[in-house]
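Going in written order, the chains are labelled A, B, C and D, and every chain counts its residues from 1.
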């Protein structure tokens, strides 16, 4: 259960309070403000605050005194232009703050994106909850053979069952031992009054990487889009991709014109190398180019044919 | 005149529009939202957007589901603790966006603070206005003798008059020549239809560094405080200090508890070196320490005595 | 003259000293270490220090104990793969430090690249030299008509002569007045012993933006390549492009395999949007696509046809 | 064993190769280049590359053409001045690259320092070694009572023995299960040819946080000093502090004058708040100040008395 009834109450209390503001406000985002989008078995992502909207991008690009332009269509056109020509600074003018609950191994990938602000729950200071990630059966991918860092077929039958059993048992045992080390149960009860209990900052090291942590993560729109271009991508690990996809939906609510430009130019497009572009030109000129004469390695050729949607060369 | 009537109208129109939000809102800051605080002869700083408040710092430090604490006094206590122990990440959870009009030589100092987002008015794309900075008479400092990068006495009489005359004349002439180069007057009139006019990106190079530029500058609270600790300081150049001081007043409206902690621990305090601390301990123990036996250089000794408010050693 | 005889001597002295090191060393870069590459009329860029080589990129990507691989060709292959798949962190493992002398208006564009370390000559502390930029006659571009931030035809005849005369005269006068304000000649002579002279931090504001400044600029290879991809591009202003092109030559000496991958995948390639890619696919399938049915705006269509090297649609 | 014989061989091979360079070179650092400093039970830190020396700080502060100054003592004086007056950019001009092997829970604290470049060993791509951290008996701190995030007394007797047993057993079992999940032994043997094995990116999640990872970490001197000021501090967790202390020794070899200034002004000193400074002034004036009349909270008063080395108020 990602959210306890007490947490749900706190969220509801916060959602019930409204104020009047002169700031740019996005009703579609206000609708879901503070609401957790539940992910994996115990995770969530929720928007806690935001600054700016589509018009703020335009306003900054123009360094204007009022709002960007009068017409929404002009704003959208300028935003597309900025995206196409890699003008990054206007997109930095919007900011968003998330509260995220996520497995530690996902947090370790996520934190590699440095241009963001983070406050993480401290397991030096506090005790972690008994919450760990176990993949759903359809996500139990076998090691991929060609792509050394991906997943292949989904495990089935007894192998799958054994994997799940082992993950669950180890995670449960780890938490019981965490309590042992702390000399304290999850509910605060002292186990043995004659013992002192190991320091929290040490006891935590016995927990596996599938345990959940949580943090506040604040980022500007430009860096969020960069994060999403890498993590909402098919090469990203599934467990971080579900977060990225949920955040992409949030971006769509928040800044629809930026979302449109992003999915058109960055997500949906393709980058061709000098040689790749040359191959396209020759193909368009009617030449029957093959990998051998393309100047591309086999791997590059295969990637290019994939991008162009051609089954063979 | 920092703001034209048209710009004033745009600002008034924006201020007249309000919306309902679930976000943290700070009435004292809403009051002045979009309003320019006028500085120097043509400059200003105005808040264009903001995210978070005092409670947001606490909320992030605790990674909480609702607001930080129930009581304002508890929040203030935690904020002081965070400031004292150099916990920087909770202060990064608030963000503010300014629109600033400032002389180019001030902009050149300002931009050295890298952890911020900037969109500057482009003189490649647009034509700059005829607006330049001339110091007020009481700011015409002579070169300081001891501090090689500061100001000494204020110039007076004929020397002062000559300086002002020269600055004004050169600035005016530079703009006329800028128009010449562009082959275009400020109001858009073409000077000589037979000429093409030099590219804007080249013509601008003839303008001196006291010309005004403007930008949108967005920064998190932690980095803003760092900026202010350096630029609202007595060693900062006057022309950037007036901006920093105006922004410090804005911080006071926005996050009063953070402001309080900042002025107490960072601005109002003193950093002692190992040897400086040792001198204090010896003085407190009743020893008559002099510079010679202090382990401090003459310069360090003078600085320490200044910090301790002692005229001599 | 970009370099005085005294500076030349200092450089020669530094070049004459060698030491033995266990660090990765690049002979082709050592050859030109400290040597200024002269640019524009008084500018230069010179390498002052560097860390790492092609193998360092591989070594970091593999987190290896020794050098990357045994064979240079394997390293080059991995570097291409990293570049193609946007793995940025291995390229951050090389670092380079430049000393650059450049006009202030170029410095203002340059400094917008924030992920770098900078120490600039301080005109608060020291007096600037009488050195300013005047474009060569073949660089006197008129304002472009379509591209609002570019240059069109080169000015000629009397208009060109007038522009050059005006730029030179204004720059010379500005320096004389700078001396007046400081009450001090370039050679240190006091002009009028009865006057104090305006503070340096104020006097400098009378100098135009074509005056030269200088700085140490240190950057990692990943961020340098990002800088070069924007500033060695045909859309960049000529005056910064000459610096970027000189630095690209330096990159070629320093990390030839990275240079190769960069020019192939980043500089020489093309990014297609989702719709642009779709047009390419339809063209390859033999369809006679026109702008009207392409889903692209006229501007996007024109840009795509340019990329594909097709004169018309 | 932190280093295998094969790794030792690779390191020795690298150390045996020298080259001639014109770059600033630091013999005391060359001596230990590539050599691991062993830490904890399986960890290490070793310098893999570096750029700059004490003189490079001075050279950048002066934007000079040659080396900083002629005399070492002048350099040291300027470096102290820069440190005292918080001039940070000259210290950014030196760069160092470490290879570090460290427990994952330490890596999670370390990575919070964002202004650095990192390449970590990928457990998506490769299989981790059977190496985990178990504290030495004298490091088995109990949870501290007052400081909620620290350690108190060292556990002893049966409690200590039980803790160590549990940590070792869980870590060993986790690795055996990791092999089970992967269907592959540490030596590469397939366990059951009929099974596929879980993807590496999933199997790793069963390992606890005391497992070792490794990375290349590159940072400039300014940010390294900031890291060390926080992590070589008595409030830092012991397991990261041992790394910071080893790196501080390396800084001493590398840039002795910077090290001296750092330990004097930053590490050895004290920061007083406005009220704290006021108390010191009143004490020096002979007033018998107590906490009650000091304007300080009890906690602040205790901290101040500690800094001043006074047992009571």
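Just a few scattered comments:
Basically, a residue touches a chain if its C-beta (ideal position, glycine included) is under 8 Å from a C-beta of that chain, and two chains touch if they have at least 3 such contacts.
Going by UniProt, the chains are A, B, C, D = Flavin-dependent thymidylate synthase.
All figures in this text were calculated on a predicted structure; none of them were measured in a lab.
Taking shared numbers over all numbers used, the subunit A to subunit D interface scores over half, which places it in the same class. For the pairs A-B and B-D, the larger set of C-beta contacts lies at A-B.
Each chain gets one centre point, the mean of its Cα atoms, and the points for subunit B and subunit D are 34 Å apart. Averaging Cα coordinates per chain places subunit A and subunit D 29 Å apart.
Those residues of subunit D in touch with two or more other chains are numbered 89, 112, 118. Chain contact topology: the protein chains form a complete graph, every chain touching every other one.
Residue ranges on subunit D touching subunit B, taken from their complex, read 77, 81, 84-86, 89, 112, 230, 235, 263-265, 267-277, 280-281, 283-284, 297, 299-300, 303, 307-310. Across the interface of their complex, subunit A is touched by residues 3, 7, 10-11, 13-15, 17-25, 30, 33-34, 48-52, 56, 59-61, 63-67, 89-90, 92-93, 95, 97, 99, 117-121, 214-216, 218, 220 of subunit B. Subunit D contributes residues 103-105, 108, 111-112, 114-115, 118, 122, 124-125, 133, 135, 140-144, 148-153, 155, 159, 162-163, 166-167, 170-171, 173-174, 177, 180-182, 195-202, 204-210, 237 to its touches with subunit A in the complex.
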